[in-house]
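Next, two complexes with chain A in common: one pairs it with chain B, the other with chain C.
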Partner chain A sequence: MDIYLVEAIVNGVLLGGVLALLALGLNLIFGVIDVVWIAYADVVMCGMYALYWLYVGLGWPLWLACVIAIVGLAGFGALIHLLIIEPILKTAPINQLLATGGLLFFLQSFATLLFGTDFRNIGVRLPIIEIGDVYISYARLLAFAIALIGAIALYVFLRRTFIGTAIRAIAQDRDIIGLMGADQRRIYLITSMIGGALAGLAACLLALQYDVHPFIGNTFGPLIFMICVLGGLGNMIGGFVAAFVISQIIAIGGYYSITELSYVLAFTLFIVLMFLRPRGILSR
Partner chain B sequence: MLSLAAVSAGYGSFRALFEVSLEVPRGEAVGVIGPNGAGKTTLMRVISGLVPLSGGTMTFDGRPVGDLPAHRIVEQGIAHVPENRRLFPRLTVEDNLRIGAFIPQARRRFAERLDRVFALFPRLKERRYQLAGTLSGGEQQMCAIGRALMSGPKLLLMDEPSAGLAPLMVDQVFELVHRIRADGLTVLIVEQNVRHVLDVVDRAYLLEVGSIKLGGTSAELKGNDFIRKSYMGL
Partner chain C sequence: MTARYAMLAGVFGMLIVPPLFASSYVMHLVIQILLWGFVYTAWSMMGRFGLVSLGHGAFMGVGAYVPALLWNYYGVTPWLGIPLGMALSVLLGIAIGYPCFRLKVVGHYFALVTLALSQIVLLSVTAARDITGGSLGLTQNAAGFSWFALQFPDKRYFYAIALALWLGGLAAWHAIDRGIGRQVLEAVSEDEEAAAAIGIDVMREKLRVTTISAALTALGGAIFGQYLMYLNPETVSGIAVSLQIVFAAIVGGMYAMLGPTAGALLTISLNEGLRVAFATNFIGAANTIYGILLILCIIFMPRGILGVVERLTLRRVRSKSQRII
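For the complex of A and B:
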């Protein structure tokens, strides 16, 4: 087999890891609170800037900057829920889309105001690994491994803890969760914080590979939404699988043609799959 | 133990309960009977904090609890087995029981209470890792009761536990009420199955169009001509 094809497939898998992490965050919030954070990718952008500012601007150690970025975005997730979602939670769903859509423009403009439109890089140079004749970026491998660990940690949390069980339960019947002794508001707040923390983790992993600029959310935001819809909105396992399907299409498509065309291919396939399985590829 | 005084409640501008007063003494089983739409389920939802009071007072163990939201009511020691059971269908039996033990004081005793519920319902132990939505109606009712017991309540509210069950299961459910009472639990049970419920409770109230029409010991109600004619078909 052509080693460039092998490289493309490996890179597709590695890209899929971070996309899967983002899809998990978005699906978690949608599945539990029934709200789509249109600005999710832009929350990630904020995390990348936070990391850049702490690490490059203030000269903090990288690990500490990452931890603070993740904790900070968890807090940001709580704020988004309290200030934007909760006041309009019981109104028509279109209001929540408009409000989080408004947040998208606010965050992009605010980032432009603070940092300008320059592309900035945190300047961490990680080596390239050579396995046989195949070259793999260490940054991508690291990002994939950590994304996978993050996804497994979330899975264990949702399966094994009382709060995690309540989060899964509330997604199935939100009206009687109070009878179980669980405060719906608190569960929503915790869910938003987890969603924010996942965005923060993804931000740290993306900052290793990409430059940050105010509009970076536009490049992978649509991709995350496509993945979530393809996997079935709110279906966390579906979204996880869809992330790898989409990233493979992009990677292999890019090998046979050019990257731009591979995105066209991915979106075309998405439309076709939506006709065939409108409730997601893993729908029952 | 539980005392309602002139409680009114409703949904929006619709009033479902009009100045309802009732007493549930400690250690007793009390029934509320009445036709469909009388407000029985609303009464249960008011007690468990899902529907707010619009008037009157409610006390539990001498403390006012009328203003508490549902999750705080559970902490006071009131557990509610809702109408139609309302299990979480895509969670396993064990996860449904786990969520029943959500409050902090119950989490610490989760393993011990799980054993007790499994001893009470051996069937649930067999079905432990099965999704609750795949259980039979009777098993679902067991799971719903078990879930309520996991919080370690002092008072158990049961809303139509016999609804939708096969006759044999109905007998089992009422037999269960006996066993739960033997453990020292106080029970408030809402039922349309009047004949059955009067056999297991100590006293009962008749609720019609949102008001208490009658109240007394179950022997008194069994002998009441109106009840016999309208609700027992005698």
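For the complex of A and C:
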């Protein structure tokens, strides 16, 4: 087998980890609050800039900058929910999608205002590992491992804690939850915070691999919506599988052809699958 | 009858006055407002019935690129290329619309499917960079003043064309508004099963507005390309343009005839005003304010500016549909 193809497949798997993490955060918000944060990828962009500013600008240690980025985005998630989503929670769901679309415009142009349109890199150079003849970037491997740990931690949290159980319950039946002694408002707020924190974690992992610029959200934002919907709402395992399917299509497509066409293929597949399996690829 | 004469006089005045007095810069702005107003109006034909499409960037892109490519490579006149682009857009609209309507893909799922469509067009144009110039853009072969090539260095010609398009768009909007289709589609957007149960052909009505909307959006994209003589995948297609279309229509008010035009007027003058005020010191200042405005608008006046005006002046709301926006 061609060594470059193997490399493409391996890189696809590693990319899938981070995409899965992002889709997980979005899926949680989508499934629990029934809202699409169309600006989710731009929230991630904010995290990448925060990391850049703290680490490069102020010279803080990397681990501290990461922690602050994650905690900051958790708070930002809560703010988004309180200021934008909650006032229009009772109106048509599409309104909430459009309101976060306004947030998308705001974040992109605010980042342009603060940092300009230059591509910026945090400048952490991690080694490249050689296994056989295949080269793997350590940053990607690390991102994959941490994304996996994050996903498992979230799974345990949702399964083993009271609040996690309440979050899963509300996704199943939002009308009855009040009778079970759980405060819907509080659960929505916590869900938004977890979504923000996951975006923060993903931002730290992405900043190791990619340059940050104000419009980076436009490149992978549409992808994670596709993954989220393909996986099926509230179906975390489905989202995980979908992330790897999509990232493999992009990686292998990019090997045989050019990158843009592999994205075209992924989006076309999304539309077709939406029609064939509207409840997600793993649905019965 | 007097109202009709007043309208005719108004149109006549608009045709004569600006070209006589306005500077070239103001003309450029007015043409942009009219063309974008036309595209936003075309979008609102679907949007007001709950079909919130993020795929209009795709229709615009196809409508703009097909005639430009045919002209550059085969010398085919845009008089043929534009209808071809429109037909292709309609085909695309039906290819996405038919399964969506059949399988009841609505709400955010419809928005996301159409978003994927506009990304597909954007990325295809970028990928075919040998033909389309990719993200560097495409310049039509210049032919000077030519009816055959639909190229006029004089802005006044494009002003007349843009005005005619805009008026045509309003007429189409009016026809849909007055036609039986409107009641039907409002019934559908409120309760699709109930509407189908009383014998409404839901599918046919939805496909009809989709067809009209896609065709007009493509036409708008094509004339935009002819006017600017430059196409760039990012400016006529993709998520950014699609969102821009949706938002301007919503801010202006998609339930009123002049709402989308008001959206175009507001967004373009805001953009220009801030550009002049801040020069290039604050790239992005305009969109920062625009973004906040959008969020506030959706929270506090979901029917848009003209929706509020209409409510204040008429004290009655014709459309009771509150489900979407």
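Heads up, the rule we're going with is that the second predicted complex is superposed on the first by the 282 of 284 C-alpha atoms of A that agree within 3 Å, B and C clash if a C-alpha of one lies under 4 Å from a C-alpha of the other, contacts with A are read in each partner's own complex, and residues count from 1 in each chain.
The rule is simple: contacts are C-beta pairs under 8 Å (C-beta built on N, C-alpha and C of every residue); 3 or more make two chains touch, one makes a residue touch a chain.
A quick note: this is a predicted structure, and the numbers were derived from the prediction, not measured.
In the overlay built on the shared chain, the residue A:80 is in contact with neither chain B nor chain C. In the superposition on chain A, A:172 contacts chain B only, with no contact to chain C. When both complexes are overlaid on chain A, the residue A:143 reaches neither chain B nor chain C.
Looking at the shared chain after the overlay, A:151 reaches neither chain B nor chain C.
When the two complexes are overlaid on their common chain A, residue A:264 makes contact with chain C while staying clear of chain B. When the shared chain is aligned, chain B comes close enough to touch A:182, but chain C does not. Applying the stated touch rule to the two superposed structures, the chain B and chain C interfaces on chain A have no residue in common. Of all residues in chain C, those touching chain A in their complex are 50, 52, 96, 99-100, 103, 105, 107-109, 111-113, 115-117, 119-120, 123-124, 126-127, 238-240, 243, 246-247, 250, 282-288, 290-295, 297-299, 302, 323-325.
Chain A contributes residues 162, 165-166, 168-169, 172-173, 175-176, 178-184 to its touches with chain B in the complex. By the touch rule above, chain A contacts chain C in their complex via residues 36, 84, 87-88, 91-95, 97-99, 101-113, 116-117, 214, 218, 221-222, 225-226, 229, 258, 260-261, 263-264, 267-268, 270-271, 274-275, 278.
Those residues of chain B that touch chain A in the shared complex are 48-50, 69-71, 74-75, 79-80, 82, 86, 88-91, 95-96, 98-103, 106-107, 147, 151.
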